[in-house]
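Each of the two complexes below includes chain A, the first together with chain B, the second together with chain C.
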Partner chain A sequence: MTTTAPAAEAAAAPDERLAYRGPIQRLLIRPEIGALIGAAVIWVFFWAVTDVFGTTAGVNNYLDVSASLGIMSIAVALLMIGGEFDLSSGAITGATGMLVVLLVKEVGEFGGAGFPLSVAIPLTLIFALIIGWANGTLVEKTALPSFIVTLATFFILRGAKLGFAKLFTDKVIVEGLNDAPDHGFWENVFGAVWIRNDHVWDSFLGGRNVVYGVLLTVGALLLIVGVLELMFQRRETPAQARMPVAVVGFAAGVLGLILLAATDGTSDNWLWGIVLAAGGAVGMYGMGAWRYERRADSSAAVNLTGRVGRNVAMGGGAIALGVVLGLILDAESQTEIGFLLTVQGFRAIAYAGLIITGVILLLGAARSAGKTSARTQLAITSMAAAAIVVVAFIVQSQADSRKFRAEFFAVIIGAAVLMLAFGVLRSTFVERRKPDAVADKRGRTLAMTGIAVAFTGLAVRLMWATTFENETIRGEVRWRIAVFYFIGFAIVASYLLLRTKFGSWTFAVGGNKNAARQVGVPAARTKTILFMIVSAAGWLVGMLIAFRLNSVQANVGDGNEFFYIIAAVVGGNLLTGGYGSVIGASIGAVIMAMSFQGIPFAGWNSDWRFLFVGAILLLAVLVNNYVRAKAEAAS
Partner chain B sequence: MSDPALLELDNISKYYGNIIALTGVTTSVNAGEVTCVLGDNGAGKSTFIKIIAGAHQQSEGTLRVEGQEVMFDSPRDALELGIATVYQDLAVVPLMSVWRNFFLGAEPTRGWGPFRRVDQEKASGIAKDEMAKMGIDIRDTEQAVGTLSGGERQSVAIARAAYFGAKVLILDEPTSALGVKQSGVVLKYIIEARNRGLGVIFITHNPNHAWPVGDRFLILNRGKSMGNFAKDEITRDELIMMMAGGAELEELTKELEAASAGDESLAHLAEEFAEEFHELEERVEDDDH
Partner chain C sequence: MKKFRLVALLASLVLVIAACGSDDGDGTSTTAGGDTTATTTSDTVDLNQGSDLTFHMVTHSDDGTFWSVVKKGMEDACTAVGVNCVWSPSFNDPSKQVSDIEAAIAAGSNGIGVSLASPEAVVPAATAAVAAGIPVVTLNSGVNDYQSIGAITHIGQTETAAGNGAGLRFNSLGATKVLCAQQEQGNVGLEERCQGAVETFTGAGGVVTQFVGPDANPEEQINTILAALQADPDINAVFGVGPIVAFRAVEACSQAGRECFIGGVDNSEDVTAAIENGEINFTIDQQQYLQGYATIITLYLNNTNLNTLGGGFPILTGPGFVDTDNIAEIKALVAAGTR
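Then we have the complex of A and B:
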């Protein structure tokens, strides 16, 4: 304790030391944020390099893979927040799957018990809960690290699986779950498959894509309004006369988008694009004039000297270099230039890398300029937006697929317009620097509703196929029930962690067990229940595996515990406990599944995927470390 | 005094096997008063806390809470009688938010069945108000306790104990890990708690922290009580003198002088030490006259 004394002494009075952290900054230190950014980057990457990744069939494919991984990562994340590990979490999935098959086999045959599934499935759950209880109790009673205790459980389960499989069947696989008399009912519970290829939605209400587009737009609009409400300082009395400007602007923007979606993305869409962009920008400005306080210092002259100027020059240079390289290198050339790269590949990497770097440099410069001169900030932001628009048009003129020409183009232009609009707003209106509970609540409600609406749109898109997709995509869209278990478990577990007493206790026993115990938290019981949640999740995944294949191999699940832990860590869960989130672990699982499936989609050798996973893990840990340092800054 | 004291210790002793950890300790704490327990390392302060917090049972002597003789079996017994302990380094969970820490283990809930959830608004509002009563403006109760300063973290634990109906607050070396300014902050909260009618037992090895806030002083040295004084029965210098054990201090001064033969810098130190000791001695004598 003595070492902390100087730090405490150096700290000034708490009020000056603790700067106000706005909702946006608070969002940035959430545990999930790293995973969310990672997921977006990886998604865009595979979307760009493969054809199937962005389609319903592609999403179906990697969500299917992420389901069993995700169910387990969520449980493992809860346990990790509680400060413990479970290395038997992989083996238990195979063990429960195998046990249920053995229990329903006829008596005498392979030593089976001949139970109906209605008996065998609950018995298997009880078995799993006993394993979890034993793990937890051993860890608590002996005070041994959970790493050691569950490593032992892992080997016991692994040995038992192989031993019993060989003993009863002479093979390393147990088969015949579908022999059970009540298999039909239970297959609906654990093995249901929903084939969506036949559900084509082309014409009603203008077809799937229009409904999807409208929901996405409404969602984005709500999100933007919510963010504005969170970001800016409210006027004491809103200038009601300006309200129509906001309404008309946003309405024009929505109209432009609907019409834009109705065109095929090649001909006269520029007109609707301009209507959309101008409408959105006017709407945002109108909203600002209506509701927010004006900046007093908005007239300070533009000043591009010192570090800001250097960064602007470097950023502009990087973008220019990227554009020039993009223009002079042959986009079709497959000539190898070393390091496994073709000219085409090098062009793509240099192009994307230089332009992203340039934009980041420009935005950084804008941010630091904003502290002194609002005009300089706006000038630099406009430069960045203009550069992005130029790049978008170059991409559009060169691209040979609709994906880049229409969708990518629209997203890039949209990003540039948003950036510019926010730039104008920030240089015109006062950003909030003090708490405002009313605005916080309203902004958060709007933003969350927006996200929910946008996700509903996404779900519409994933639930229905179009004739176009059915014709161009190989493979089927088969939604397995596992995906719904994954989503349902994510919601339930997140509620449990964030809204219940048990969740609070989970954070507490992982963060500071002695303090928790001191105030009356039943630490041992909390941890044991967490171990039991992990093994119960293992049971669920075991059932999903067993019903999917009707047979279970002896080595199923062995070694997967590391993937669960990686997914949890990628999702921002701290290895040392006390911090993390269920949503993060779910996103972590989706990231892993996207990389596993995206690599073969792209036609690369899937041996590389572990390299990919390793790199993601390392990055995630670095980000987490940084976040932890921020969250614990003063201690 | 007509009312019985909140907590009274009468001739308490504790033996661990053949080790005598504490002998013949007598003191009391009244509502709205601060009793300071002073002692150097190994003086028996931890044993003293453990007995009144219910973690250990005394071997001899009696413990009275509001006049009733009690024997604690567990910390929970002590807690139920309103005796709350704030340990210096296990007080809070740094990565958890202020309101979650405040209500940890006693979260208010609403709803029923599977929808029984923590009432965040209520919890967060109460935490904010209670902290405000201690003079700390927590603007955002969602912020992690780890982002608070050391003194404020202690005060979260103090405010929590006070809110949950503690009548006697035992503070285990709340200032020992803190700098000068932060210690001052904690002392302020101790006074705040006292003014709200709590009895505070403030355990410390720093007489300079104890003197300004204390109404009663119990001095421990090597497991023995060196005395139990009301504030008007003792001076600050006597307190310092007794705490370090006057005779021992004299012994130490001599030893230091002997060891410093041939070492100039050490000799210098020894000289200073001796000077300060004599000064202290003189001041104590002056006070006595």
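Then we have the complex of A and C:
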């Protein structure tokens, strides 16, 4: 979402130490990009192996789980960027939830204070802020590691929760929040539920799917055009005569995409796939011919020797092997071949693994070839794109579910076209090497608008049901207000971190506290406020839990601090401080929720759950590390 | 005076041990042996009648809602037969439990009821009590160790029996596929509950076991049960192997739009209310009142009549069921502190 944000800093400072970075590079060094790739991979994986994961009901399920986790991991990420930890962040959620219930209980009944919620809720917030302030002040005054100080707070809260619950109610659970007189109003604030199955949208403009499809396509188109604008060197005067080529090409591509998605994946599929591919490629080329400066002819011939040649051979071989395995192994066979794998499972893993490896090898080879010969780069890119298209057609012809025949097919073809078109453009037109204020602004605006439009499309998809979907969804789609708090908090916190003075202070104290103090950053105050943000977020989550359940158990939230930190790390935040992102932490929370919820959706044995989570964590950190190292080395 | 009483108690103990020995020696003819015991230890029987007996209950109790019912059962039994009872909760501290057992041996207890939640720590002390000639009964936990320490019997509910009971109950409700929802991973007791249900459930779809997230994460529990239901349209029953997780299944089933049969283990206020509303079909009750009551009665009868209740086998106090039919009465009994 904020992928292009650092562009502002780069453009505003014409310093020779700040070499110009292209938009792709700038994108890759963002902390959240590894998490974004990881989230996409996990989503596609579970979407492919389950029935429900990709439906509105499935999305509703894991977003619901990610809401509390995400609100906390955002706050924890801010604190981590500021260089500290808060191990009491899990316990505070349960503590505030219990406190608010005890405060509204009738006087005399289980030690209740008998306050209305309008008094009890602010009091609970004050309690949370005091805990956060105490954490921050203790860490600052004693100079002890926050790890130790907040561990003590954690134990104190944990003991107090159980102790007071037993003391007042003789039970390990406090119940009866809904007895409060003003419960109705506050339930709308913290416990509102929006059931969307009864909001059916079949008829307007031919149905929800059309609106969703158009918004998503227009968004993608704007994003592509925006990225092109950021990537390439503008011509002095645009060749207006070429404009129609771009427009017609893009129009044909969009038409092909819509018609392809509208088929159930049979007869017309091939035709629309070709229309999509040809239209998209022509549109992008036309865009280049219209607006960008043509590259001086590169005379270096195609050269497939040495390391590049080896990688091409290996990549091509891997793809070929994958295709052959995919064709000879029985896709339906449940015969066990050892280590918990059936032939079907082995085929899926080998197929996907080999082809993905092959494509990555080819793209790597294309990248290194690009340094010497643009033609070689284009040739290899075309090979990769062709391989992807072949695989797409094989999947399409073998699949028996609509999602593979139509949706997956369209996405793969689209990806191959994008890859090829970018390859062609890069070998034909000049890539920009310096800032261009007008093009930067326009490109950024287009790209951001595209992302916003595409997200609107997704929201339309999630917020309205169709009659068809209602018949196939198993159960109700209940959007809880918690999800909206999560999204809202992500936006607010991201703004706070990237666009305010306080955000810069946060990075500074996390990077080097003494240096920050010497340049005038109020380090102690910044850290204390960060601790208070964490406990305030804990208060919000405590309220959300209390209003959802009406009762809070003494152990609610204990141990969750661990998962908040994991989500932040998966989202690209460094444990050492000074680096990270709020959006990354949000994506990290969604990744955690998807990995947890994907297992029951797939009907797998839950004994393997933590093995799976561990693998995802490791993979996310490795991808993050790799991508960042590559992107920084390239600049 | 006090010293005299101690001597009398010790003397009676010696006699009891002698009686046991003669009983064993008598061999096969039970009627003859019984007669002999009755005649030879007649004055011992006199001595042991009434308030001279003192029994010790040394458990890992935390004196919470569960154990307070066990304690109530003990007190009621002691009043009924007129003996002295000492309640020594260890609050899950095995070392305190061990020293309490040693204290009971030193005090010349007439019988000890002990729970073996931490067998490796407590078994030696319990064995020492048996070696000192004190009748021992294990209660609540200890079904795997009561024979090796030489206890009369074990009084409690095995987890497998609880699962068996739930499986049979789901059969009679007409369930066809059960989700066994666990709130902890790698907990032997919870695994046995699910396994017990697998053994007796006869529905076409069988039982699938799934870890659904810890009690500390209520939202995750609800959504994981929901995901399992959405992924498998055949599941029409949920067996939550704890009171919290069973209650979470209510919301999950409602959101999944499915008429589920829901069963749980143990009780809570939420579960009671849900059973009253018909949202939960039953919950398994291990009737812990019996664990206090029957332990005292077993020890009492062993002291006064040399009976070995259970015949060397464990005595099951459950599964008892709380369901819509008996919830009203049960609620009154819960208020009275005996359920």
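Everything that follows uses one rule, which is that the second predicted complex is superposed on the first by the 587 of 635 C-alpha atoms of A that agree within 3 Å, B and C clash if a C-alpha of one lies under 4 Å from a C-alpha of the other, contacts with A are read in each partner's own complex, and residues count from 1 in each chain.
In this section, a contact is a pair of C-beta atoms (placed from the backbone, for glycine too) under 8 Å apart; a residue touches a chain by one contact, two chains touch by 3 or more.
Only a predicted model underlies this, so the values are computations on that prediction, with no experimental measurement involved.
S.K.: Kindly classify A:328 by the partners it touches after superposition: chain B alone (first), chain C alone (second), both, or neither?
M.R.: neither
S.K.: Scan A:478 for contacts with chain B and chain C and give back first, second, both or neither.
M.R.: Only chain C; A:478 stays clear of chain B.
S.K.: When the two structures are overlaid on chain A, which partner does A:64 contact: first (chain B), second (chain C), both, or neither?
M.R.: A:64 sits against chain C, while chain B stays out of touch.
S.K.: For A:51, select first, second, both or neither according to whether it touches chain B, chain C, the two together, or no partner.
M.R.: It touches chain C, and chain B stays clear.
S.K.: One more residue to check, A:549. First (chain B), second (chain C), both or neither?
M.R.: Touch partner of A:549: chain C, not chain B.
S.K.: Let me test your reading of the model: by the given contact rule, A:607 touches which partner, first (chain B), second (chain C), both or neither?
M.R.: It touches chain C, and chain B stays clear.
S.K.: Based on the A-chain superposition described above, do chain B and chain C contact any of the same residues on chain A, and if so which?
M.R.: In chain A, no position sits in both the chain B and chain C interfaces.
S.K.: Flag every residue of chain C that touches chain A in the complex, lowest number first.
M.R.: 64-65, 185, 208-220, 223-233, 244, 254-258, 268-270
S.K.: What residues on chain A touch chain C, complex-wise?
M.R.: 50-52, 57-58, 61-62, 64-65, 67-68, 94, 166, 170-173, 175, 474-476, 478, 545, 548-549, 551, 553, 555-560, 596-597, 600-603, 606-607, 609-610
S.K.: Residues of chain B touching chain A in their complex?
M.R.: 76, 79, 85, 87-96, 100, 103-107, 109, 116-118, 120, 136-137, 139-140, 142-144, 146-152, 160, 176-182
S.K.: Along chain A, where are the residues that touch chain B in the complex?
M.R.: 1-2, 4-6, 8-11, 14-15, 17-18, 20-21, 26, 435, 495, 499-501, 503-505, 507-508, 511-512, 514-516, 518-521, 574, 578-579, 631-635
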